[in-house]
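Shared chain: chain A. Partners: chain B in the first complex, chain C in the second.
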Partner chain A sequence: MWKNLCSLFKKDCRMMVSGKFFLMSSGFLVLYTLYVNFGYIKFMDAQLYNVYLYDPAKTQTTVSTLVQRVSSKEALDTILLDDTNGVGIDASAGEPQLVFYEGTEQTDCHRIDYALSLLQPPGNCNAEVIGSNTPEQKARKEITCELLFFEIAAAGFLGIAAVLFKEKGMGVIRVHAILPLRKNLFILSKLAIFLLSDLVFAILLTVLNVGLLDTASILPEVLIQTALLSLIMSLAGLICALLLKDFRQFTSAYLLIAIFVATPVFLSANTAVKLDWIYFHPFYHIYMGLKNAYFGTPMNSPAYYLGCLTAIAVLFAGVQHVFCKEMRKEG
Partner chain B sequence: MTSLRCQLKNVLHDKFCLMTFLLPIVVASALNFVGSIDLSTLGELHFGVLEDDLPTRTTTWLERYGSVTIYPTMEELMDAIQEPSTNLIGVESDGSGIKTIISGDELDMFRQTADTLPNLYEQRNAAGQTKVHILECPNVMAGFHDMFIAVTLIVAMFMGCTFNAMNMISEKEDGVAFINEILPMTQSQYIMQKLFVGFICGCLSSIITVCICFRLSLQNAALMLVLIVLSALAAAWIGLFIGRASNGLMAGVVYIKIVMLLFIAVPILSFLVGISQPLLSAIFYVVPSQATFEGIMALSTGNGTIAVKDIFILLAHCIIWLLLYWENLHPAS
Partner chain C sequence: MIEVKDLTFSYGKDKQALHGLDFTVEDGEIFGFLGPNGSGKSTTQKILTGILKGHGGKASLFGQDISAAHTQKFFQKIGVLFEFPYLYANLSAVDNLKYFSSFYPKEQIRSIEEVLNELEFKQDFLKKPVSSYSKGMRQRISMARALISNPKLLFLDEPTSGLDPSGAVLFRKIIEKERKKGTTVFLTTHNMLDADLLCDRVAFIADGEIKALDTPKHLKERNSNRRIVIDYLYQGRREEKTIEAPELEIGIPFAHDEIISIHSQEPTLEDMFIKYTGRGLS
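Coming up: the complex of A and B.
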């Protein structure tokens, strides 16, 4: 049996190489790495509101270094128009007056108090820091987690379909029906190759984007989550590829998954937006599992793993059933 | 005409294809009627306090700046502060003042807020007499809802592109492309037919989405119609281009994936980051969905002039894609 599995595995490997699958994966690895290191990290530097002061008579004596001085009333107006989050202080009439563009009520309140506090002698209090991640580490982990989730959900799903449709066209399933092999092997070798390639992809992506030092401690947990996700996505891809008529229909199904399934998950897991129904979304839990692995938060309950394993078992049984049906139809 | 009818019949038989075109409409109506996504909380401040730790008037003072959540135990408060997806600032009493706790991975904005908060608390009685002049500004946060609708519209548009590309690739794989070459059919007829289905369906689904989501004046509605037609056309052209350029399923999928990422990511990025550099924003217009997105957002706030500019950009896109495709069909040699 092992010999058969090995030869099937080798054949699948050759299929993937000829289908440029590995080339595509490494291309995306390079693309993602460039994006994280040269794009994403640079975007993530939101500063607190800028405060601009117009004070020709120098009436304010204790001005914080965070305040930027402007030379005229017009300059104050233009700079505020550009930076609508900024706050302008006009002290030309002696008593300081605040000018700014309307935001939400609470933000306005905070901007007023913050701007005025900068005209007072500064206090020397700093917030207590209890976490271990710096903002850059957090940003790197977050984006790596997102990209990995997206890539595995997409690559596992699409890749397996691309390979299977090709094999379907070549009549491989028909040949399998008459081969003296256990039918599971066909599915197992497909799963194995996608699992392996996903794991390698996860390791490379994490090492390149999170950094070698941080990766060492989180890698085992990340790999477990990656394996679960990869198995589920490959099995789902197999079912869809066996059921659907052609690759065009499959792409529609894929688009559906990529856009309308992933969006609420990303929104809910990465921002403060909480959707009430998100707990019924299966991918939310998987994504959170991956994210917790990246941030080293041990929050996964046994129920989660049980759910994942059940899902994999059910999907596997489903694939087997559909595969046998397909073989009967073909042969 | 007969062949066009055949193409359309082909689509109508394909239930899955129909579903894809209906999907943006369903999502748009869900966004419109449910409206459960409240993005206005994104840029706001969130504070976490321990039960029975701060006096009520301090909590009330905090509530002026942002939402306050009360946690029963210290562990829960610490977990909430450490949670990577939120920017919660923990507030504790410290003698007569307060002190703040953060996890250290927040954006600078939240760290600075936490650093200055105790200071603000000390000076809370000093403010109040200062004259404040608040300038009118279109509500930035309301734009997020429109952003979702605009993205849904772009997706509706993109379906036409995918459909065309996949249609051509599957024809290539099935060998229909060879048959097409010997059929008595001119290139323009072929392009028309291929363009037709993706374009019409993308258009229809976008128009219905717009009807559900926006209440526009007659003039703006006309502008929106032109915007949709042009962007669906540009998307359909790109689809044809992808279909022609890719020689296999896998290559086609890679191209589509890249184009889809660009189509959705570029406008969202420029909207959220707010690109002000003229050169950079000009580069962003290379992706047609950027112009569409900007046009839709402008029309949703009733700004016709920007939409007209975007219509011209899209028109340029359509012409450029047409020329590129033509060049590809008939190489100069």
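Coming up: the complex of A and C.
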């Protein structure tokens, strides 16, 4: 059995190399790392709104360094004309008067509070700090988690289809029907290679973007969650690739999955959008499992793991069924 | 080797593909299974090779009922050449054969070089990917895949399809050689010449039923009108005469100067197929 699995595994590796799967994954890894380190972190660190102050008499004594002073009322108007999101403070009459171009009501309230807070002395706000992550670490973990989820659910899923459609097109799946091997090994070998490749991707992405020290403490739980997601997506990809006629049909089906699976999950988990039914969405729990793993707060119940394992078992049975159907097909 | 009794199979409620087939294939025999598209040839082969389940009636292979026979040991004993050359296009001939042969016990496998030499495969293509091969070359590699495990029972589906005449002759020689080794061959084909030249017995199948089963020779003899056409020269003129075969026992029964040709009016296997099934093979 091991000899057969080894032969299948070696062949699958060659198929993936020739399908440029590893090259594509490496490319994504580089792209994500560059985005996180040179784009996302800098973007998250940027100020929300520029605040400009006209205070000829220097009436404001505790002005933050984030505030930019202007020399005249005309200069304040001109600069706001260029930076329409900016907030101007005219303190020429002693009392600060806010000047800005109107946006939405909620945003405007936020802009007012933010601008006025910059005139307060530092340490005036005594909010309790929860958790040990610095804002940068938090941002890094959040985006790494999102990218990993996206990579496995999207890019990996498409990769499986690309490899399997090749084998389907060549008709070689049918040859395996008459080979002296357990037919399940064909599926197991594919799962093993995609699982390994996803785990390696998860390790590298986490080390490169979260940092070696933090990775060491969260890695085991991250790998468990990655493995669960990887197995579910690989099996779902195998079913779709075996059932659907060609890659074009597959990509159309994938777009539907991406819209209905990924969008509500990302919206609910990362924004203020509240969807009451999201708790019934299986991928929400998987995404939250991964996110909790990144923040070192695994809170998954045994029911979650049981649900994942049941899903894997059901999907595996489904793959077996469609695989046998494919083997019976005429040329 | 193969024993089939009242074999039935249905793809759905109203799609009965086989209506009770009966036949046996002896050890070391080349058995031809001839029928038009959709006649039930492939279905029968798929049931025998364990790809299709849920048949009715009885079928046994190697003396064992097929429902119990389809084990890994069984698959080690059979070789299958599919109608189309199913190969990994990104791998070379050698890599394809290495991969497919890796599932068989080492002591059973023939050397890749030996099989490819037997199939007269072009040496300079050995390491090139299959995607660069012609149809004939792919068919040779598929045949090599079927032969590499030294099977005791070979299922061949249109073995000479896609081959040039010399390739077809070579394949027929190889099939003959396999028979001499004691391999049983179950040959599914449209090609009447292959069936006539190779098969010990043939079965004509149409609409899921076997319409006739015998040796090609008997099938033709049984339906022969036993007439002979003689082309000859007499007094400088070319003439043609048809006589009954027994008339030849006393020699040429008419005056002639020179015999140009003698043709028996024996029907071809294709004529027999049309007679028994009521249609052609295309």
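Here is the rule we go by: the second predicted complex is superposed on the first by the 252 of 331 C-alpha atoms of A that agree within 3 Å, B and C clash if a C-alpha of one lies under 4 Å from a C-alpha of the other, contacts with A are read in each partner's own complex, and residues count from 1 in each chain.
In the analysis below, contacts are C-beta pairs under 8 Å (C-beta built on N, C-alpha and C of every residue); 3 or more make two chains touch, one makes a residue touch a chain.
All figures in this text were calculated on a predicted structure; none of them were measured in a lab.
Novice: In the overlaid three-chain picture, which partner chain does A:A75 touch, first (chain B) or second (chain C), both, or neither?
Specialist: neither
Novice: Given the touch rule stated above, what does A:V322 touch, chain B (first), chain C (second), both, or neither?
Specialist: Touch status of A:V322: no partner.
Novice: When the two structures are overlaid on chain A, which partner does A:L5 contact: first (chain B), second (chain C), both, or neither?
Specialist: Touch status of A:L5: no partner.
Novice: Which partner does A:I187 contact after superposing on A: first (chain B), second (chain C), both, neither?
Specialist: A:I187 sits against neither chain B nor chain C.
Novice: Once the shared chain is lined up, is A:A253 touching chain B (first), chain C (second), both, or neither of them?
Specialist: After superposition on chain A, A:A253 lies in contact with chain B alone.
Novice: Go through the superposed model and pick first if A:I41 touches only chain B, second if only chain C, both, or neither.
Specialist: Once the two structures are laid over each other on A, A:I41 reaches no partner at all.
Novice: Looking at the overlay, does A:L196 come into contact with chain B only (first), chain C only (second), both, or neither?
Specialist: A:L196 sits against neither chain B nor chain C.
Novice: Chain B or chain C: which reaches more residues on chain A?
Specialist: Looking at chain B versus chain C, the one contacting more residues of chain A is B.
Novice: Using the superposition described at the top, list the residues of chain A that contact chain B and also contact chain C.
Specialist: Overlap of chain B and chain C footprints on chain A: residues 166.
Novice: Which residues of chain B touch chain A in the complex?
Specialist: Against chain A, chain B makes touches at 14, 16-17, 19-20, 23, 27, 36-46, 64-66, 78, 81-82, 84-87, 89, 99-109, 111-120, 122-124, 126-127, 130-137, 139-141, 155, 159, 162-163, 166-167, 169-170, 173, 248-251, 253-254, 256-257, 260, 264, 269, 273, 276.
Novice: Looking at the complex, which residues from chain A come into contact with chain C?
Specialist: My answer: residues 3-4, 7, 10-11, 14-15, 18, 166-167, 170-172, 174-175, 177-182, 327-328, 330-331.
Novice: Spell out the part of chain C that touches chain A in their complex, as residue ranges.
Specialist: It is residues 42, 46, 49-52, 72-76, 78, 80, 82-84, 86-91, 95, 99-100, 102-104, 145 of chain C that touch chain A.
Novice: Which part of chain A faces chain B closely enough to touch in the complex?
Specialist: 19-21, 24, 27, 43-48, 80, 82, 84, 95-104, 106-110, 112-114, 116-117, 120, 122-123, 125-135, 137-138, 141-142, 154, 158, 162, 165-166, 169, 244, 246-249, 251-253, 255-256, 258-260, 267, 269-273, 275-276, 291, 295, 297
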